[in-house]
Each structure stands twice: as C-alpha cells, then as structure tokens.
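Structure first, commentary second.
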C-alpha cells in the first residue's frame, strides 16, 4: 500500500544502563527495520552483552526509550517475551538433564508443542546425542542445543551472542539456515569475526565504553573502521 | 530534601526529653516493691515501643520503594531499621538491668514481650549483613525492601506465638506494663513515650540529611575528577544506599 | 501459570532424582543429629517436651540445608534467565519451588521420623500418627513457603550459605514454637494425649500470612 511504513522491529532512543556507579551503556540511539540484521562490535566490556540483555527484557533500561517489536520496555516486557529468542554466552541449559529433557522443559514453559524440539535437534545434527546429559557434551554440541532452545518458540527477533563460536565448519553450516540471514527473523548479532559479521549485517553498531562510536549501514562501513574499535 | 523541619524537631526533642527526665525524677512515684530502679521502666518500654514502630515503618517504606522505585524510600527504610536496631539494643540492655535489679536475673524467659523482642531483634540484625552481601545497588535495595516487608509482617505473628507459648506455664511478671497504671505514672509514661518518639524521628532526619549530603559530595567529586566521563570510579562496598 | 509450575516442578524433581543432592544430605544430617542429641543430652530416650524439641530443631536445621540448595542450579546454570525469558507469570517460580521444597521435606520426614522413633523415642508414637502427620504437613507448608522466600533472598548474596541460616531461624521461630507445642502431648510416655488445636490454628495462620506475603513480593526479587 503506498505510504504505509512498517514499524521498526527495534527503536532505541538514548538508551542508558548502569551497574551501580559504572556506566554500561549510554546514549545508544538506533532503529532497526523488521527482517534486517544489526551487527554489534566492540571490545570486551564495551556493553554489547548489556545491550542484548536489555533487548531480551532481562535488564531494565535506566535511561532513554526502548521499543521492541512495537512494545515499550520495561512496561510491556511481558508482551515481548515469547517473541524474542536469546542465544547468550552461556547455553542456559541444565547440565544434569539431557538435551531432549531441556528442550521439553523450555517447550512447556513457552507453550510450544513437543515435536518442534525434535525437529530442531535433527536440523542441528544432535538428534543422536539427544539423550545424553548436557554435562557430557562438548562446548560446541552444547552450543547447538542452546541454539535449539533459542529457536524453540519461533521468535520474531533473534538476539545472538557469537552464535558460531565453538562450532566446527560442519556444524556451522547446519546452523546457518536457522540463525543466519535465511531465517527471515530480525536479528541482533554480536560477533568477533569482523568480516563475517559485516557480511551478515544491514546495520552496524560499534560500541566503545558503552557509547556508540560507530553507527552506519553495513555498506558504508569497512573492516578497518570496525577494527579501529578494538584499538 | 530531608532536612525540612529539622530545627523545630530538634528543639522539640530537647524539650520533651528534658521534660520527661524531670517528670521521671521529680514527679513519678517511687514504686513500693522495686524502689527507684523501677523508673528504668520509663526508659525501657518507650524504647521498645518506638523500636518496634521503627521496624514496621521500615517495612512500609520498603513497600513504597517497590511500588515507586524511588530510592529515597529505600534510604528511609534503611535509616528507620538501622536506628531501630540501636534502640533495640538499648531496649534489651535496659530490660536486662531492670530484670536483674528487680528479680535478680539478667534475663527472664517468663516475660513474653522481652523474649519476642529478642527474636525480632535477632531477625533485624540480619538486615545489614544482607545488604552488605549484595553488591549491585539496585538489587541490594530491592532485596532489602522484600526483607523489610517480610520482617515487618513477622513482628505481630511472633508476639502472638511467644505470648501463647509462655502464658500457660508462667504468669506475667512485669504487669505494670498493663493498663492499670495510676495517673501520675501514666502521665510520666506518656511524656517519656512522646519524647522517645520525637527523638527517634529527629535522629532519623539527621541521619538522612547527613547521608544525602555525602551522596551529593560524592557525585560532585566524581564530576570534577572525570575528564573522561566513562572512567569507572570504584566505590567501596557498603550496606547503606550510596545513590539516590 | 499452572503449566509453568508443573514444568518447573517436574524438572526439579527429575534433577533431584538423578543427582540426589538435597534429600540424602538432609536425611543423613537428621539422623546424625539424633545421634548427637543422644550423646549431648546423655539420655537413652526422650519423651514429651524434650522429644518434640529434639525432633523439630533437627527438622528445621535439615530444612535449612535444603533451602540453601533450592535456587543454586538456577543461579549457576543460567536457569533464572531461561525462566525469565519465557512468557509466564514470575510468581509461578515461587509456587513451583515451594512445592519442590515441600516434597523434599516430606521425603526426608518419611525416613527421619521413623528413625527418630527408633533411636530416641521411648513411647510408641503409633497411637497418634494421624495427628503427627497433620502437624508435620502444616509445618512443612510453612517451612516451604518461608524457605523459598529466604532461598530467593539468599541467592542474590555472595555469602548465601551464611545468610540463609541466620535469616531462616528467627523467621521460622513462631512455626517452631507452634509445631513443638503441638507435638509434645503426642509423644508422652504415658500415652499420646489430645492435640492442642490452638497450635494448629497458629500454624495455619503462619502459613497463610507468609504464603500471601511471599506471593506478593516474590516478583520483585527476580527483576533486574
């Protein structure tokens, strides 16, 4: 329809968040359209994980405005929760339960049918080892099960903290259609692989000390610009 | 922010405390059985009553903090409980002195009010270590508020249970605390109670004002020192709220 | 809400069955404490007031062990995040954890109370089993509610093994008083006497007040 503009998936205005007296995020303003990918770069401690957790509704913003999927946080966080998938630094799996049991638990929490977990395990190639306790899985395998967990409820917005870390090329290939561009979801991606991150992105955000040092469409950013953030 | 009315309150406390002392020493009658030492009752009971109200007030401020998120309420809750703990120690000490002087024992299990008070005191004594052991200030404030509310609800339940437990085997010993007080004792008691209450509120205000001043000072120092405002200025861990 | 509670309860019970971290330790602790009391009191058997006291002090300390473990897996393995990301009512975590703690307590008592009867009790308690069970269940409910609240308070702190006991003991004191006073006539040598009903009322009141309170404030402990 002429003139109709879809609302952005994420709209941040001057977002700020502190831990006690330490400022973790400050003055972050951006807008990400649906179906697009935001790549976030920055050195350790620059605020990338904090940003992800605020978007996931796990942290309340201390300053500024946050609108995710059309809902204002933190007030309407409850409406966003079932539509966002978080792949964090930790797999968020219970080590004493098997992969299948973990997925079944999360499926029940999200009100998702059991079959979906099985489909995902197949897709990432973990179906055969689905009945071993997570404790006995390697880091890469646990990561794959964590990806299943994040995708279980078919989220519209994917928040990915280094999704391909610890994965061998075969596994990375299996996972790519699920969490990559092809998934169709809006994505926020943290990656330390500069070239790969840039290739996947539509919008690039570089954080330094919690502040946005770089914000531009991916086409206008070179790998060197990004590497400058780490110096 | 907190200093409104500080001067009139201070004057009122001085007047009331002096007045109470005067009444206790010159007006109230000497007890027939216990003699002069019975007058510690005018110190002990108001201390206990004010401390208990202070604890409950801490819980009320906790509720307000959870509802509004305004850290000023958390600071008020902290100060109320903190001062009530001090008044609580004084209650236990004066109660002990009275018991020893009148009945020869430093502690009376037979007196349910004293026992309940000890339990409440033990519970609230955990408040400061609990706060200290949580580093993130917002988490600290929220957890402390939940504790203050729980402990506040605990106080009446505790008094009920202990009273029921003791009343069967042992008769109440300190029965002057009941309603049967002669007129001059009653007046002295009321004035002492008023003095203690006003003193408590005044001390609260002093502590609140002092804390607010330190916070302002620290914020100014930080702003002056920070050439690059992303610099992390680590602060020492503290049980008291550090920021409003 | 019910779906979430069910999911968490099943998950916790499954983990406990598989790893056996909490219940065996609580049970072992209880039996060791009974032995300790035998030597500390220098008696072959106890009855009445003393029996009730020994039993309840032991059970409460064992409960404290369980409370400390209640949220540890959530804290260490990212379970809080996993739960907070789900579109469920946050209070369902409280209900679920209280139910789990209640189950642990019942499981421990199924073995510990008979152990107590064998090791230390002179009179036979069999005449008063229904009343004893009623007191145990009501008290367990109170411990479960207050324990879950304290566990959630403690998990935020760095010194949780220390904070939990010092918070739990005063808070559970009215419950201990009521439970012990209710149990002591049941354990008399001369034969069990009637249960003083007023203590059951106190237990019920305690359960109700703290249940409602915990239900109302638990949310705030989970937020960030």
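Read from first to last, the chains carry the letters A, B and C; within each, the first residue is number 1.
Please note the rule applied: contacts are C-beta pairs under 8 Å (C-beta built on N, C-alpha and C of every residue); 3 or more make two chains touch, one makes a residue touch a chain.
All of these numbers come straight from a predicted model, not from anything done at the bench.
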item: Nearest-to-centre chain - CA centroid comparison; value: C
item: Most remote chain, CA-based centroid, reference being chain C; value: A
item: More contacts between chains, A-B or A-C; value: A-C
item: Chain centre separation (chain B, chain C; CA means) in Å; value: 31
item: Euclidean distance of C-alpha centroids - chain A vs chain C, Å; value: 40
item: Separation of chain A from chain B, taking each centre as the mean of its C-alpha atoms, in whole Å; value: 49
item: Of all residues in chain B, the ones touching two or more other chains; value: 135
item: Where chain C touches two or more other chains at once, by residue number; value: 223-224
item: Sites on chain A touched by chain C in the complex; value: 56-60, 78, 81-82, 84, 86, 88, 90-97, 101, 105-106, 108-111, 133, 149
item: Chain A-touching residues of chain C, taken from the complex the two chains share; value: 3-4, 6-8, 10-11, 14-15, 18-19, 73, 77-79, 81-88, 223-224
item: Chain B contact footprint on chain C (complex, rising order); value: 149, 153, 156-159, 162-163, 166-167, 169-171, 173-174, 177-178, 181, 198-199, 202, 205-206, 209-210, 213-214, 217, 220-221, 223-224
item: Residues on chain B engaged by chain C in the complex (per definition of touch); value: 66, 119-120, 122-123, 126, 129-130, 133-135, 138-139, 142-143, 145-147, 149-151, 153-154, 157-158, 160-162, 164-165
item: Residue ranges of chain A in contact with chain B within the complex; value: 19-23, 26, 209-211
